[in-house]
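In the two complexes below, subunit A is the common chain; its partner is subunit B in one and subunit C in the other.
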Partner chain A sequence: MQDFTTAFFAAFDLVLTLDPDLMQIVGLSLLVSGAAVALSCLIGFPLGAALGAGRFPGRLPLLVLVNAAMGLPPVVVGLTLYLLLSRAGPLGPLGLLYTPAAMILAQAVLVTPIVAALTAQIVADLSEEYRDLFATMGMSRTAQAATLMWDGRFALTTAVLAGAGRALAEVGAVIIVGGNIDHVTRVMTTAIALETSRGALELALGLGLILLALSLGINAALMGMRATARRLADG
Partner chain B sequence: MIRLASLFVLLTLPAVAQDHILIQSTTSTQNSGLYDHLLPVFEAETGIETRVVAVGTGQAIRNATNCDGDVLLVHAHAAEDAFVAAGYGLPRRDVMYNDFILIGPDVILADSPADALTLLARAQGPFLSRGDDSGTHRRETELWRAAGIDPTTSSGTWYRETGSGMGATLNITAAMDAYTLTDRATWLTFANSADLIIAYEGHADLNNQYGVIAVSPDHCPSVNATGARIFVDWITGPQGQATIAAYRMNGAPLFTPNATE
Partner chain C sequence: MVESNRLTNLAHHRGAQTRPPAVRLHDIQLRRGGQPILRGLSAELGQADVSAIMGPNGAGKTQLLRLLAGLAQPDGGTVHFAWPDAPEKHRIALVFQRPVLLRRSTLGNLSHALRQYGVPRRRRLSRAMELLAFGDLTDRARTPARALSGGEQQRLALVRAMAAAPDLLLLDEPTSNLDPRSTAAIEALILRATAQGVRVILVTHDAGQARRLADDILFLHDGQVAEHSPAARFFDMPASAQAAAYLQGDLYL
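Up next, the complex of A and B:
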């Protein structure tokens, strides 16, 4: 129990003193994961809507593929991106390896399937409910998809939260393509890995508690927003 | 808006990549805190920002071979010479040394590291190996060879390969009350040492030499050759060497500088 008490104190100490290194690491974590989730929504929402409400050849195999990709191992994604972004790789001239941009890319690869698959499920369920209504209105497929997305917007926040959770928690991909460089590509999870390897287990656990608190805060904020928006919508 | 602006700045970072150098290095030098002590001095004197990627020596050499770094600072002399001989790097320079030590629950009375390992094998360890082609793992393999023992035939029994970094392996060693080979700097700065002590130390076969190599601009046109040259000259020069000598933990030096002109 000694370790856990010390971890709590380490976490409180870092937060209360507004430790500048910690603030930078937390900021970069939020920036990288936030950008990755935004990018994933940009791709995942339309893809999910098409998969959920569309009727086109290859839809089912693609749906299986997207669902399976939810379980992509981060370390494999990191390694693949390393080989692509390395100076010796095909995208080497871009000079993206060991930058936050590479980390955003890696997390977007991990999060997009989650957003797309959950969106597809939400849209497909709603489209069952709306089938008769759509039939009487004679709406185009695209207009139907847009309606389904709008009416499913509260449920879609769950897709975003699931994606954000994955992005904030993964370490395997960002440590390879980011390199865990101090003040440049060090985020919460890679900092925890580093402190663990230094044997500073209490500090590592303390950072873990801060990460958990962040995750909790983000979830609470989005759920609160959702509840307020729903109340207003139901007016 | 601020968020968008800072994102823009971050995304354009690679475009202004020439005012920093990227050092591919080992976990032992990072975990020991040496870089936190050394690099701010270098940055203040030269104005060149340094970025350290700390991985095992094998991976560091591989990354540098792929041109993903400007400077290599590792501890596997033979592999470093091979890197230079293959045309990937400029001539290698000695930087500093410390020594490897055997860590475990009890002292091992032996005449040499090979003797100590023979005794460990007879007692069935347990011994934890890095198993990750790092500089420390390479030295461990050499010591087993000198003892005439192939421990990998016992892999999974008393000989366990963690496949992890030095810190992770030390955490497992502490939890299992086992033996392992580590370097003195990592050991002295490791916070989770539990009941482990130095089981064997002090032999010429345990010398741990670090070398520095600038990645060759002929092999990798993208490298920051000027920055790399300044760094190599600095760390092997009087200022860098004095800064390394001044890094101590509880009064004991962690690395001994030994660059030659």
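Up next, the complex of A and C:
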């Protein structure tokens, strides 16, 4: 108990003094997860829009697949990417293993299905409602998609936030493809795992506090966005 | 209403019987889910400024409007419009019974429509402002469309349809959920549209409204034309037993 209290105050101290090591880890976390989410949106938005409002063969099986992929176990994603990126693997020559780029890739694999599946749901609901209007206006498919995405903008933000939450919190994928190398690929979750196992509780707790605060912030933003989306829908 | 009656008479005077009807329907068949919805329907509509379609719930009025708007294809029969490129070229605009409004401001809804109808960007704002004024919605420009009152939403849906600069405006029970004041505003708007040369086909259950606005009444019953008469005669001396029963408020389905 004594240990815990001391560690707790030391952790606060680290956070409040903006300890450089801690800040570097937080910074890398935000960079990696931010880039992963951006990449996921780049793929997930168009994919989701096509799945939600498009008409093409294989749409339903693909939708099922994307939905199922929302629950991919991070360690399995990490392992698969590890095999692909390791020196002997097909993507080995790229030399990405144990770099932040590999971590971004891994998290993007985890987040893209979330963004795509939620986008598909949002777009499908809107499309159902707007279908007749679009038909009377004689709108092209692209014009329809643009209208659906814009009108779903607040709901879509919730998809992005859900993806960001998943990226920031996962540890299994980045620890395998990143290797948790100090000052290079160490992010909040992997640092917490390592420091805890080493007994360096203050750094682990400090990072934990920040991670918790970020998660709370993301969820608060999520609820706010949902409320905004509802208000816009109901008037 | 004195004002609008004067306008009505003016409009009727203008709507001379010399021009061809907006649409000729011949032996229209429409099925939905294996059920016949429209059964051998033939009619000429929109010769004057306003034609009304009346009939009990389920008679097929909405399905007929959807067909005219090109949202449904007939399973049999022919539809001929007075304009050869209708309904593709936005010549025909449909306002749904329950307005479908985008999750944008009033102005945003109009700009969006103008954009879809190919109005160049630099002319969109001024055209949107005209439409706002036309619908008496200028002070609602920045309000989220879905936060408007029922009457305002219906007016917005109507002026948004006008953004297409249509020749034929199809209105599905535009005042069925509105109070008398909002109803009067919609009727005034309809007359303003006809004054601009737009022909209107109006589905309504409101006999007073049909009397005030329409030249002719197409009475549908069970997917067929029970009667198509000039408005005055329809209300004074309905020719069909179904219309007579309907006007007396006898409920039948």
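Throughout what follows, the second predicted complex is superposed on the first by the 200 of 235 C-alpha atoms of A that agree within 3 Å, B and C clash if a C-alpha of one lies under 4 Å from a C-alpha of the other, contacts with A are read in each partner's own complex, and residues count from 1 in each chain.
We adopt the following convention: contacts are C-beta pairs under 8 Å (C-beta built on N, C-alpha and C of every residue); 3 or more make two chains touch, one makes a residue touch a chain.
These figures come from a predicted structure and were not determined experimentally.
A.B. asks: Once the structures are superposed on A, label A:99 by its partner contacts, choosing first (subunit B), second (subunit C), both or neither.
C.D. replies: first
A.B. asks: According to the stated criteria, A:223 is in contact with first (subunit B), second (subunit C), both, or neither; which is it?
C.D. replies: Neither: A:223 stays clear of subunit B and subunit C.
A.B. asks: Classify the contacts of A:64 with the two partner chains as first (subunit B alone), second (subunit C alone), both, or neither.
C.D. replies: neither
A.B. asks: Let me test your reading of the model: by the given contact rule, A:87 touches which partner, first (subunit B), second (subunit C), both or neither?
C.D. replies: Only subunit B is touched by A:87; subunit C is not.
A.B. asks: For A:35 in the superposed arrangement: first (subunit B), second (subunit C), both or neither?
C.D. replies: first
A.B. asks: Between subunit B (first) and subunit C (second), which does A:76 come into contact with in this model arrangement: first, second, both, or neither?
C.D. replies: Neither partner.
A.B. asks: Figure out whether A:130 sits in contact with subunit B (first) or subunit C (second), or with both, or with neither.
C.D. replies: second
A.B. asks: Would you mind writing out the residues of subunit A in touch with subunit C in their complex?
C.D. replies: 129-130, 132-133, 135-139, 143, 147, 150-152, 231-235
A.B. asks: In their complex, what parts of subunit A are in touch with subunit B?
C.D. replies: 31, 34-35, 86-89, 92-101, 179-182, 184, 194, 196-201
A.B. asks: Applying the document's contact rule, which stretches of subunit B touch subunit A when the two form their complex?
C.D. replies: Contacts found on subunit B: 3, 6-7, 10-11, 13-15, 17, 22, 27, 30-31, 51-54, 63, 65-68, 165-168, 170-171, 174, 189-193, 220, 222.
A.B. asks: Which of the residues in subunit C come into contact with subunit A in the complex?
C.D. replies: 66, 69-71, 88, 90, 93-94, 96, 100, 102-104, 112-113, 116-117, 144-148, 164
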